[in-house]
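Before any comments, here is the structure.
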Amino acid sequence: MSQADPARASAPSEYGERLLLEARQDADINQAVLQPMLQTGRGFWVLVTILGALVAWGLYAWGYLVYWGIGASGKNRPVYWTLFITTFVFWVGISHAGTMISAVLRLLKADWRRPITRGAEAMTAFALMMAGLYPLIHLGRVWKFYWMIPYPNNRLMWPNFQSPLMWDMVAIFTYLIGSTLYLYLALIPDMAMARDYTGGWRYRLYRALALGWRGTEGEWHKLHRALGIFSVAIIPIFLSVHSIVSWDFAVTIQPRWHSTIFAPYFVVGAIYSGLSALASILVLVRRGMRLQEFLRAEHFNALGRLVMIAGMAWTYFWFAGFLVEWYGNEPVTRELIRQEVAGHLAPLFYLQMSANLIPVGLLAFKKVRTTPVLLLAATLLVNVGMFTERALIVIGSLQRNDMPFNWGTYHTTWVEVSIVVMTFAGFALLYALFSRIVPYVPVWEIKEGRLRYSMRRIGRLLVPTAAEIE
Amino acid sequence: MAQDVKSSAEASPRWAMVVDLDRCTGCQACVIACHAENNIPVVGEEQAAYGRWMHWIIIQRYWEGEYPNVKARLMPVMCQQCTQAPCEPVCPVFATYHNPEGLNAQIYNRCIGTRFCGSACPYKVRTFNWFEPEFPAPLTEQLNPDVTVRSRGIMEKCTFCIQRIRRAEMDVKAEGRQLADGQVQPACVQTCPPSALVFGDLNDPNSQASQLARSHRSFRLLDELGTDPAVIYLKGGETNVPG
Amino acid sequence: MKRLSRRDFLKTAAVAGVGVFTGIAPTVRRVALEPFVRPPEEELPGRATWFASTCRQCPAGCGILVRVINGRARKIEGNPAHPLNRGKLCARGQTGLQVLYNPDRLKNAVRQTGGREPRQFKPIQWTEALDQLVSTLNGLADRSRVAFLGGLVPDHLVALVSSFLKALGAPPPVLFDLHTTLEGRAEAADLARRWFGKPQGQVQGFPLPMYDIARAQVIFSFGANLLETWMSPVSQSYDYGLMRQGQAGGRGFLAQFEPRLSMTAASADKWIPVEPGTEGLIALGLGRIIVEDNLGHVGSHRDHAYLYRNVSVSDIAQASGVSIETLRKLANVFADADRSVAIPGGYLAGLSNGAQTMDTVMALNVVMRRLGREGGVFLPHQVPAEQFTSSASISPFSEAQSLIERMKAGQVDVLFIHSTNPVYELPGWAGFVEALDKVRLVVSFSSFMDETAIWADLVLPDHTYLEGWGYQGVSPGADRPAVSGQQPVVRPLYDTRSTADVVLALAARLGGQVAQALPWSDEVAFLEQSSTQLLGTSSGIYDARTPDGFWSRWRQHGGWWTEKPLRDEPEVSGMPTGPLQVSPAAFVGDPQQYPFHLALYPSLALTDGRGANQPWLQEMPDPMTTGRWNTWVELNPVTARSLGVHDNDVVKVISPQGELEAAVVVYPGIRPDAVAIPVGQGHSDYGRFAERRGSNPLSLVAPLLGQAPGLPLQWAATRVRVEGTGRRQELARLESLDGAGREKLR
Amino acid sequence: MSRRRVLIIALIALALLGGGAYIRINRTSLASAAPVQPIPFNHRVHAQAGVQCLFCHSSALRSDVAGLPSMQKCMGCHQTIAADREPVKTLTDYWQRQEPIHWQPVNTMPDFVFFSHQPHLGAGLGCEGCHGNVGQMDIARQPVNMDMGWCLDCHLKQPSEKAARLVDCLLCHK
């Protein structure tokens, strides 16, 4: 934190955080953001190499899977869906935080969002890209994936829009396009800024991406309007995506999937895991790119609070669902609950519960929220818990059904794990490369935020004031 | 009105199978008949142990009671050809759909392998080609030319031997006659030694299947789910009664 | 198989993408089309032709129809006109295609070079093979030193071989295999001869008794697994279906007496897990109660009272573990029914008191006057032609033993082996392998390189039954006399030759008396001539004016049978003169050291092991355990608990004779003092699907010391102990173990 | 500049659409060339000589496949007729060796399609409806690309009470 800044010494620290970088010139800020982007150390390339290798291995595993058949993964009858769908749900869940932070907080005019919006939006886009791979990966005949796309053909065959998988595809593509545009819109002024400060290939790249942005008032006006529209428009999409993902399960009559609470439960879970992932990533990026100046305790504090609230909401929804299932005492559900509480699913169940509930408790402490390492630990734990939760829902439920003769178990394989790891590595790789090409901190938003606040002396008091900017 | 019913019944039969559990001995003849008729591959010990077997019809065995008053109930289970089939709406490409005769169609060459139908099916009677099926030569010579050999990544299931239905329809049409009751027999029904399986048209009230379906012993599997299956079971007797 | 190719994949990872794209190409077959050179009659390209023939997967002789399209057999179905199976067929019958198209079939005759140990087989021309046989036979000083050991040999071949051996001056063929041993076929024939045979009647080949299951109201089956492998399971299953739902008087009642709940017992109304060896006592007790209380509606039992003179029901109850009340109830059920029948099963033959037990069971039918009555006991009516009445019977174990003795003593120079696999099917102590060593020339006619064929000097593969000719008298179950005809449905796939033709060719080459005895130019000529013995028989479903016409009708129908049902009423000629006796069954192994009875049973899929090379049968779940592809050991839950083992734990089963290891199936339907193991796996040679898979439980069967000569193989008289090994092996079950015991889910 | 880009994109889209439409209308463009046969059998000559399709492909009326004439049938005529011609000599050689000729299939269907000639002929369809005017072809070739759309074209034109059945997937795929 910039307590050392002599110019700010007079202001009480809690205000100081709002008066972001007051003493610095705009050009300084530009440099502070651009420098970590332009100077890449050896550590970065080592990281990229490792991630690249993991992705390459995962692609090989995918090739193996396609060549030999889905049997190369650990699926069997009746566990037709396993880690692929689990990870799919997980990534879709992660993708929710970007919009949550960016659009919802933008509408709510929560100013602390400003330095972290870009990171959040990028996370959304990349997580969706990873999620979008899974519907392909898990297909038995991936080379026929285009049959899911409605296009005129002489066989007069169309996809079945009754199928939740079609809803999924539509929702995910819409969300991917929407969130990518949203990310890009907010990027334009910073591209222009970067264009003005760089040369070589970067200059050409930024010039193209900046779309000739000059920063006129008209342009700003249009940008704000566009962002405003997008912020509103993308919220229903972001709600729909995870609802639809939940309906993949809930529309079947598989016991435990067939639940009315699934849609909100999934959305809340998605926000919980997404915000946690964002917090984890911010902690990591902040350290990796030395952005301590921009990403500060107040952001972590606020984000931590959000995570905690989402966690409480998730707990509530989980409990509401669980209680009804428990009292319903439907035979298969009862069996599943028994397996979770004291059967072969118990390790996963207790991992899920502890990893999801302990962080809620931890994050109640400001010390945890504002200490990056502790925050990282808590939020990582949340995502372990949420991944486990999805695994329990997808894999756990499918192991039991109405005919005990057909129950089954499941063991994963190296192919499956490699592909899952591939998407994690792929996400990290995209994110790492992104952070070197695009200003990680939205400079214009910070500058805009600075304009909003000023310190006024009223009598003997220094009082921060905020202006409406629209 | 009655005329209408009759003509519509003639227009499209409602194929149904009656499984008399009192006759079924569990002898597995139907299982092999199905393998032979429908080009179902064998998967080998390792895969079979992992639950990846591919029989379209299985005989489920449930134990009841304890030694010495132990009962084993045997129940053949194949695709129930539900009228309200949970598998149908979830397929994104219409590979499985309801055909005019009320059959659950599974079109292999349309299937892209999402396995959604398999997850949705409460009876778990759909099987998936986890790997490319193997028929070491010259076992290929026994393959039924009327049935597609499925490749890897495709869902498959009991079709009520649609190829036999179509063949019979074609033959009677060529001869200018109507299908008679019992003229269409899926492979399992044809071979069943104790005649526990009966196949026929429910729209024909006089067919043997219709008559059996009206038996007081009849019930349907997981009826409470409302899937309205076309497979009708007839309750078996009490076996190994104590005392 | 898969694993190997996966390793290949690792090597060729770089081209994985290409491989993927091969999956995209439309699967249009660009194979050349071959027209017929000369079109066969009535063959329409692309259209199925159905050939009527006979199933040879077990001795029953069911009629089959084979669907042939473009010269390839595609499916086997039951022949609806056939009186035995009436259009139905069991799992094994349908798997016959995998005998024909088995990838491990011998494609030509082979000769073993370099002695019998190294298993070096070289292809040999048929002419060369015949030359060798002829010169060996000609070189024999004493032609009686030729022997023929057969198993599931079609009747026409038995007839030919018998004539051949007779003409040579050699002893008649010995027909012995495990399947017929396990179903007690020879002993059933013995039983019928004891009770119903004429004093001067045939010594061998007495017809087997038949039990009218379809019309019986009450059936007491003593170890007869009549729905699985015993006698004519398809026919019996058909009748069972009628017994259940096809009777006017309501549902029939079936009680099964055996230590393990077989599939038949699972279908029974009552399973009585008797102490092994006390089945006879129970029959005795039932008879005693019936006679004593004068139960039933057959008048007085005074004539038969002497049969049960010294019987104490309470002693029986104590010995068998079946309470007096249960016995009384059962006796009432049996006697009160108008149509009841007691069936002595094959399992009894494996016990030392088997013959006595079977007698006591048959006595129940006699006492209740069930002979020749609807729903009772019958004898098949003979086919009205000598050729088909003298048809083969199964040799008792003693004959196989004496053949082995002769071989060991060096009295056999040439041994022909056809459709039996004694090295696998006999326990090691029978000494068949050692005996083979003493035989100068061993000739096998096996289609596969099985455990016996690898010891042969010459393997001259016969056609499989779908490629060859023949006929077969049917097993009991048909309601009328029948001969089932066998004809080729496809052209032979490989350079194989019918054994009948080999025998005829040998006879012709040997000349003289032998050639005179076998004057036929080939097998078909013999069959044609045989079939026409029935020409002019008015009772048949068809007749013809000419032998040619008759022969073509024969092939069209798949044999011959009468138009009307025709069965014989057995007449008791061998009524026991004194009270029935059941001596205590003897078992090998000290009960302290070996606490469990070993209950072997023929696997429904593999029977005695000959189905093990057929992948459909390997993958076919056992109906009761749902196990596949391997051997398992069935233990009562109580037993398993006391041994501390669970499902899929590997245990060692040790008998005084040998031991084996297999995974446990905790099986609620078995006596706690018994362990059951299916027969059929554990092949060391028999093709890719059979080899190195499970264990052969016959290695456990111990010889009953001091057993009287002439006793059948005592395969049910061994005691064993079971030890845990601490290892686990996942048995390929159909059933989910997770869901086991959760029937009451709903 | 941006306008030019739009134009280019529009042109590409148009070309794709047009190409698709062309293929849709003119299936012959995708039909395969005549395969090379072991004997250059000339359909035209035979048709001109008055040989009916069903004389040689006689199974079509009763079976799934139309069938190829047995060599016995070929030789029935060619013992005497045109016995000096080169292709017929090749045929005679085959016949003397009693060896079947390995004809290359001309009209093929994927494995997953069940097709039977019999009901099509039963419905009054002529051979040339699908196989083109083979009588005008020297070497037989597939005149149209027999894909599913081509099948449906005809099946959909049938009276509505029949069409519902005729477009059921299970009719041809099983």
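Chains here go by letter, A, B, C and D, matching the order in which they are written, and residues are numbered from 1 within each.
Just so we're on the same page, contacts are C-beta pairs under 8 Å (C-beta built on N, C-alpha and C of every residue); 3 or more make two chains touch, one makes a residue touch a chain.
No experiment lies behind these values; they were computed from the predicted model shown.
Asker: Count the C-beta pairs in contact for B-C and for C-D, then report the pair with the higher count.
Answerer: B-C
Asker: Distance-wise, how many Å sit between the C-alpha centres of chain B and chain C, to the nearest whole number?
Answerer: Each chain reduced to its C-alpha mean, chain B and chain C end up 31 Å apart.
Asker: Round to the nearest whole Å and give the separation of the Cα centres of chain C and chain D.
Answerer: 52
Asker: Would you kindly tell me how far, in whole Å, the mean C-alpha position of chain D lies from that of chain A?
Answerer: Each chain's C-alpha centroid was found; their separation is 56 Å.
Asker: Measuring from the mean C-alpha position of chain A to the mean C-alpha position of chain B, what distance in angstrom results?
Answerer: Once rounded, the distance between the two centres reads 45 Å.
Asker: Can you list the chain B residues in contact with two or more other chains?
Answerer: Expected reply: 51, 53, 58, 60-62, 110, 131, 151-152, 222.
Asker: Can you list the chain C residues in contact with two or more other chains?
Answerer: 23, 27, 734-736, 740, 743, 746 - these are the residues of chain C that touch more than one other chain.
Asker: Using the touch rule from the top of the page, what residues of chain D touch 2 or more other chains?
Answerer: Answer for chain D, listing residues that touch two or more other chains: 62, 110-112.
Asker: Given which chains touch which, is the overall layout a line, a ring, a star, complete, or other?
Answerer: The chain contacts form a complete graph, every chain touching every other.
Asker: Once bound in the complex, which stretches of chain A touch chain C?
Answerer: 60, 63-64, 66-68, 141, 143, 331-332, 335, 399-400, 402-409
Asker: Spell out the part of chain A that touches chain B in their complex, as residue ranges.
Answerer: 68-72, 75-78, 80-81, 135, 138-142, 144-145, 147-148, 157-160, 162-166, 169, 248, 251-254, 398, 401-406, 408-409
Asker: Flag every residue of chain B that touches chain A in the complex, lowest number first.
Answerer: 47, 50-53, 58, 60-62, 77, 86, 89-94, 110-116, 118-120, 122-124, 127-132, 151-155, 222, 225
Asker: Using the touch definition from the top, list the residues of chain B that touch chain C in their complex.
Answerer: It comes out as residues 20, 22-29, 31-33, 35-37, 42-46, 48-49, 51, 53, 55, 58-68, 70-74, 131, 134, 136-145, 151-152, 187, 190-196, 222, 237-241, 243.
Asker: Across the complex, what residues on chain D touch chain A?
Answerer: My answer: residues 24, 147-150, 152.
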